[in-house]
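Shared chain: subunit A. Partners: subunit B in the first complex, subunit C in the second.
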Partner chain A sequence: MIIKRFGAGIVLAFMILFLLSGMLLLSFAGGAFNMEAALLGVIFAVFLIVQYNVLKSIFKHLERFALLIADFLCVISIVILYRIDPETAQKQLIWILIGNVCMIVAMLVIKRTHDFGKANWFFMILAVGMLGMTLLFASRIGGAKNWINIGPFSFQPSEFAKILFLIVTAYFLSSRERKRDMWPYFLFTIACVGLLVLSRDLGAALLFAGTFLIVFYVGTGSVGITLGATAAFAGGALLSYKMFDHVRTRVEVWQDPWATYNDKGYQIVQGLLAIASGGLLGTGLGLGMPEVIPVGTSDYIFAAIAEEFGIIVAIGIIALYLVFIIRGILIAMDARTKFDKLLVFGATAMLSLQSFIIIGGVIKLIPLTGITMPFVSSGGSSMLSAMMQLGIIEGVALKNGEYEEAELEEMGGGVA
Partner chain B sequence: MGSAYEVAAYALRYWFIAAVLVVLIAVIYISYKEYQQKKFVMTEISQFGGYMKIIGGPREFVGDRFGLRENNTIGSAPDCDIVLPDRTVKRNHAVIFQDGDDYYLQPGQKAPTKINGRRATTAHRLKTGDAVSFGDVEMRVYFKRTRIENDH
Partner chain C sequence: MKKKPNLKKNMRVMLGVFCCLFVLLGTYLLYSTVVYGDQWFTTPYNPRISASKNIENAGTIYDRNGVALAYTENGERKYAESEDVRRAVSHIVGDIYGKSLGAETLYAKYLYGYDQNVVDKFNSAQSGQKGGDVYLTIDSDLSEYIYDNMSVGPGAVVLMNYETGEILASVSKPTFDPNTAKDDTEESGAKFVNRVTQGLYPPGSTMKILTTAAAIENGVTDMEFECTGEDIIEGQRVTCTSVHGRVGLETAFEKSCNIYFGRLAAELGDDIMLETANEFAYNYNFQFPNLTLYNSQFEVSGNMGDLAWAGIGQYNDLVTPMHNMLIAAGVANGGTVMQPNTLKDVRYGGVSSYTYTPTAFRSIMPQDVAAQIAGYMRNTVESGTATSANIGNATVCGKTGTAEYVEDGETKNHSWFVGYVQDAAHPLAIAVIGEGEGFGSAYAAPLAGKILEHAIDMGY
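On to the complex of A and B.
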């Protein structure tokens, strides 16, 4: 009665080959050999090998597949970012390194904690405070007011509020039996979504509201309140459509981007043209024109990938997100306490919603809202928060593994 | 040089597609296999409420483990759930059965059975760590501790 771990070395090997061949190809892009690209690739490859093997040997019950998928998405991100803008890729590499530290910290904190208890009240105040601060002091980029500049650094508080939101959600839904005892949580959700709408960060507002609906339904199974809340959010969406020009423009552009090609529809049209010119197999790395897409490095990175690598790779990336979600849900089902279950489920739901909202926006399936693609888009705050959510998933996986091993040991088995 | 790069990039797109597909398929295949195996082991284990381990008697049996289900017949007959091929063990020596949360030992007639060194003739409740002997074979019983309960 021994659970044997299968080796996942082949995944890591192909990932490293993808990275090295991509960076080597890019190092010849300018005509002469460019040392910088090859060096960046080698550094990241060494880092990935060390990270995977060290984590695997320290933590016996590490959830390796979610980690490998996140790493592979980071690899694709580095290659395509270096193609578009080498400077962004260097920054992204640094953020990935910091993100890994954050992931390990989140993992250890979640592994040791029970449900944070009274600290949740502090988390609620902190999250609302951060979002309120954004509303007051933030600078405006692309219609949304969500960046705070401190000296040379700028960060998005809403990305960190996400993590706090997940913890508070799991705490209230697991510790309160009756729904009327959950009122502080309802107020908190309304405050978060309201502040985000007021600061015009509609993508994040959609993300918070969607996560609330999914996790609330999963946690309580109450159809009535979930439908009521859905109706309330639909009403809120309609209201913001009527109230803000910003929202109305987005919907109009989504309906017919070609009508305002020279102006507001330019980004969507360029994205669609990029995907179309890539076709099934792509134009080849370095042969497309992804640099003409506005914000091609963060929100529109999916269009850039689809152009240069082809639609097969783009669909492969969506499939990787799906596998990631399935792994997350399996961990949530394995978790032994309700808090852990809801925490992992919330993190998974949030990451999946985020990736599908932005991919849907880029391929003009739904109106575009400016959020980042987790693990792929450039940007420090989004990389850190995605890595922290991965850390939450990994931390609960470690807990599960320990319980499992204890159960097996009682029967004289073990995990190899 | 420029056109050489173009040729290389154009050719390498097949490699990139292949690499992504290999990673995708490998992740799905390996994680599915591992999940299947884990599921199998965990269901196998969850059928057992505990196990018995041979601690004394014929040298070659010492250390063997037997999982305990709801109803376990013990004896030297080959159709018993737990077969102890020893000459001092009767063909149908005893039964260990579950009633509610507890396990009971019912010795067979004239079968020499001891619980913690004392002779047993009627059904007795077993606790984890009890030493039970059937003839010359001595065993220790372990039951699963109650599961780690939910926190609400």
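On to the complex of A and C.
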């Protein structure tokens, strides 16, 4: 245990060093010293140290590495966002702070709950309602209709529907033995994915469908039905390819973005140019031109990071996500109830799938579908949702620790 | 009793899958940057190159005879002294503000020395190392001659050696002056657009070369038809400017009979026409190493009336002057089109680091078909619609075109001519277009003849 804590401390120290040196560099970027950048860095650094130590001392079974990786991703996010657009970085910091509150709330709720029971029916209606509302009232941003404006605030309901989807998934797959009793859940999944496709939010549709397949396979072990469902989704994808122009465009642009570099392929080409211009070691913070990348602060933030920090750091980020996934799955394996297992596994699977879809799209490994990069892309809804998923993982980790402690006490009881 | 699913085992399987996916992600990222990184970085669309342009160290742009067209003197970019020369070559040479797609942008990687040391791209630019000198294939005198002889209005002329693919001249009007390009704004004339490579026009009757090739390749050569000046094909009215009477393929080509070729295209059908168009590199994504050429378009709808119009270069047919010239070059060169090229070589401090080798682009038709069409094109200049392209010092073959378009509710005509010199000593292919200049025989054909005659006099 001592070695583990020591390791976590090093990660924290390295992260703080990265944050402070990055922000210091940015504060000198304009020639004159920019107090604001330095201040933002210090505030965030202090917050991280306090957050880590407070959480660690209150919750002794906290999963430290998952938390630190999420924090590290947030640090990278703040530094690169400040470099592209300081105002976005300030907003992002506020969202990270609110996100931490959400994470703690999610942690406590999950720690105290069994499986939400009948409330799941309400969650289903709420999720479908939110996605349906989006389809009806949302405004279109970047081809997808996934934003709802309420007064000065705009939010992406699909981000919050994710959390509900994860809970409902875990509930049905853990409480129903027979597959034929799961039909309300199947209908729910189809409704969610269908509504997302109709809103043209292809990235989210892919994410929901993929998460369903993965968690369903793990929960039931039924390879046949999983493959059947995969085939059904693939059929749906093929149908939408045939039916919708915007889907076809995505695939064409993926095959050859250079053919339409100044039009449809512009975004992908600019992303690839950014990555290529950075090379292995990057141009250095402040020396590239990530501001020319369309949506470089959000979906395309990975290209901006690759340009200025280089391919090596970009691969490091991919590795961070992978470590996060491994920690998440270990917690899932350790969980005592089937609901907890599937809930944590679902949250982990969704976050990993999401990072794979967006990074893969940016580097042109797979067709691009607009989706945010968890913990890194700018945007409130996305940050809160990712933080809540982290909260779910941490909540179950706490439960696991308490069970383990109880078991140890039972065993050691006779001796004492 | 059903076996309970083994969650842990399934999770381990998925963990394995995720590990593979993320390793793939990292590997692909590394692979694509190592393999394609330099190529991507040096594309002219990379705004980072133009932003970091270090004029101090930029190399000189020369024409094929060593005439300096753009050079740096006292930290300033200078261009040819004569305004006519500057304007005539403006689209080929380009500008340093990234407004046009000329050599200044396309060959920036040479001019600023990025190709020398791509590993530390920006450092080499900052180290003060001198960039490479770029030699173009164009002749600035010939370009100026063409510029002076074109009409005042918008249009384009492109002249190529069909055996090597070297572009000898490429002039697009309206032009811009690189000396004042900084403050120039795009006006209605879109002067920064290089009409030779970026201008998409209906090919009009020049399309009959393609329709004829489709007919010969598919053995539909003995169709005869009575032209009465007007015909209805599947509900669509097709007209000729005069009554051509009884025509076969050869006479129809010489006289450019719309009704005959409309009927012929409909007879051949959507599939054959589309297949031939694709062979001719319509709907093709051109990716030449040293120049950017926009894609041409040929569509079919299933309606024979539309196909008839497509067969005579209207409907949704669109072609760039360069592509249309390449088709004539293909006929001249036994069906094989050479890759067009504007970059002759690159020299660093006098030492050549890149020299272009002529490369075939593709064969657009078999040799015997090319020979037959060559005969038709010769007849067209000899006694058909293109007699005004006849010149004293060589045998010219060609095809005129009059492409209809509607502007401000008024029907106007683009004047087209594509052709070549039938002489191994003077392998010249040409395309001329004048926007709104009327019949092909009135503006484009005589101008093409005049340019070819001059080029031959100059020794090309």
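The working rule: the second predicted complex is superposed on the first by the 405 of 416 C-alpha atoms of A that agree within 3 Å, B and C clash if a C-alpha of one lies under 4 Å from a C-alpha of the other, contacts with A are read in each partner's own complex, and residues count from 1 in each chain.
Quick note on the criterion: a contact is a pair of C-beta atoms (placed from the backbone, for glycine too) under 8 Å apart; a residue touches a chain by one contact, two chains touch by 3 or more.
A quick note: this is a predicted structure, and the numbers were derived from the prediction, not measured.
Asks: Could you look at A:S175 and tell me whether it touches subunit B, subunit C, both or neither (first, second, both, neither)?
Replies: Once the two structures are laid over each other on A, A:S175 reaches subunit B alone.
Asks: Output check: A:T230 vs subunit B and subunit C. Expected answer is one of first, second, both, neither. What do you get?
Replies: After superposition on chain A, A:T230 lies in contact with neither partner.
Asks: Which partner does A:Q51 reach: the first (subunit B), the second (subunit C), both, or neither?
Replies: Neither subunit B nor subunit C is touched by A:Q51.
Asks: So, does A:M333 touch the first partner subunit B, the second partner subunit C, both, or neither?
Replies: A:M333 sits against subunit C, while subunit B stays out of touch.
Asks: Taking the superposition as given, does A:L68 touch the first partner, subunit B, the second, subunit C, both, or neither?
Replies: The answer is first: A:L68 touches subunit B but not subunit C.
Asks: Which of the two partners, first being subunit B and second being subunit C, lies in contact with A:G360: first, second, both, or neither?
Replies: After superposing on A, A:G360 lies in contact with subunit C but is clear of subunit B.
Asks: Taking the superposition as given, does A:I10 touch the first partner, subunit B, the second, subunit C, both, or neither?
Replies: Touch partner of A:I10: subunit B, not subunit C.
Asks: Under the stated touch criterion, which partner chain does A:L287 make contact with: subunit B (first), subunit C (second), both, or neither?
Replies: Both subunit B and subunit C are touched by A:L287.
Asks: Looking at A:Q90, would you say it contacts subunit B, subunit C, both, or neither? Reply first, second, both or neither.
Replies: In the superposition, A:Q90 contacts neither subunit B nor subunit C.
Asks: Show me the subunit A residues, by the header's touch rule, that subunit B contacts in one structure and subunit C contacts in the other.
Replies: Of subunit A, residues 177, 283, 287, 319, 338 contact subunit B in one complex and subunit C in the other.
Asks: Considering the complex alone, what residue numbers of subunit B touch subunit A?
Replies: Interface residues on the subunit B side: 1-2, 5-6, 8-10, 12-17, 19-24, 26-28, 30-31, 33-35, 37-38, 41-42, 44-45, 48, 50-51, 53, 65, 67, 142, 144-145, 147-148, 150-152.
Asks: For the complex, which residues does subunit A have touching subunit B?
Replies: So the residues of subunit A touching subunit B come out as 1-8, 10-11, 14-15, 17-18, 21-22, 25, 28-29, 31-32, 65, 68-69, 72, 114-115, 174-175, 177, 281-287, 309-310, 312-313, 316-317, 319-320, 323, 327, 330, 336-339, 403-404, 407-408, 410-413.
Asks: Spell out the part of subunit A that touches subunit C in their complex, as residue ranges.
Replies: 177, 214, 217-222, 256, 258-259, 261-262, 269, 272-273, 275-277, 279-280, 283, 287-289, 292, 306, 311, 314-315, 318-319, 321-322, 325-326, 329, 332-333, 338, 341-342, 345, 349, 352, 356, 359-360, 363-365
Asks: Touching residues of subunit C toward subunit A in the complex: what are they?
Replies: Against subunit A, the touching part of subunit C is residues 2, 5-12, 14-15, 18-19, 21-26, 28-30, 32-33, 36-41, 43, 45-48, 51, 119, 121-122, 285, 287, 295.
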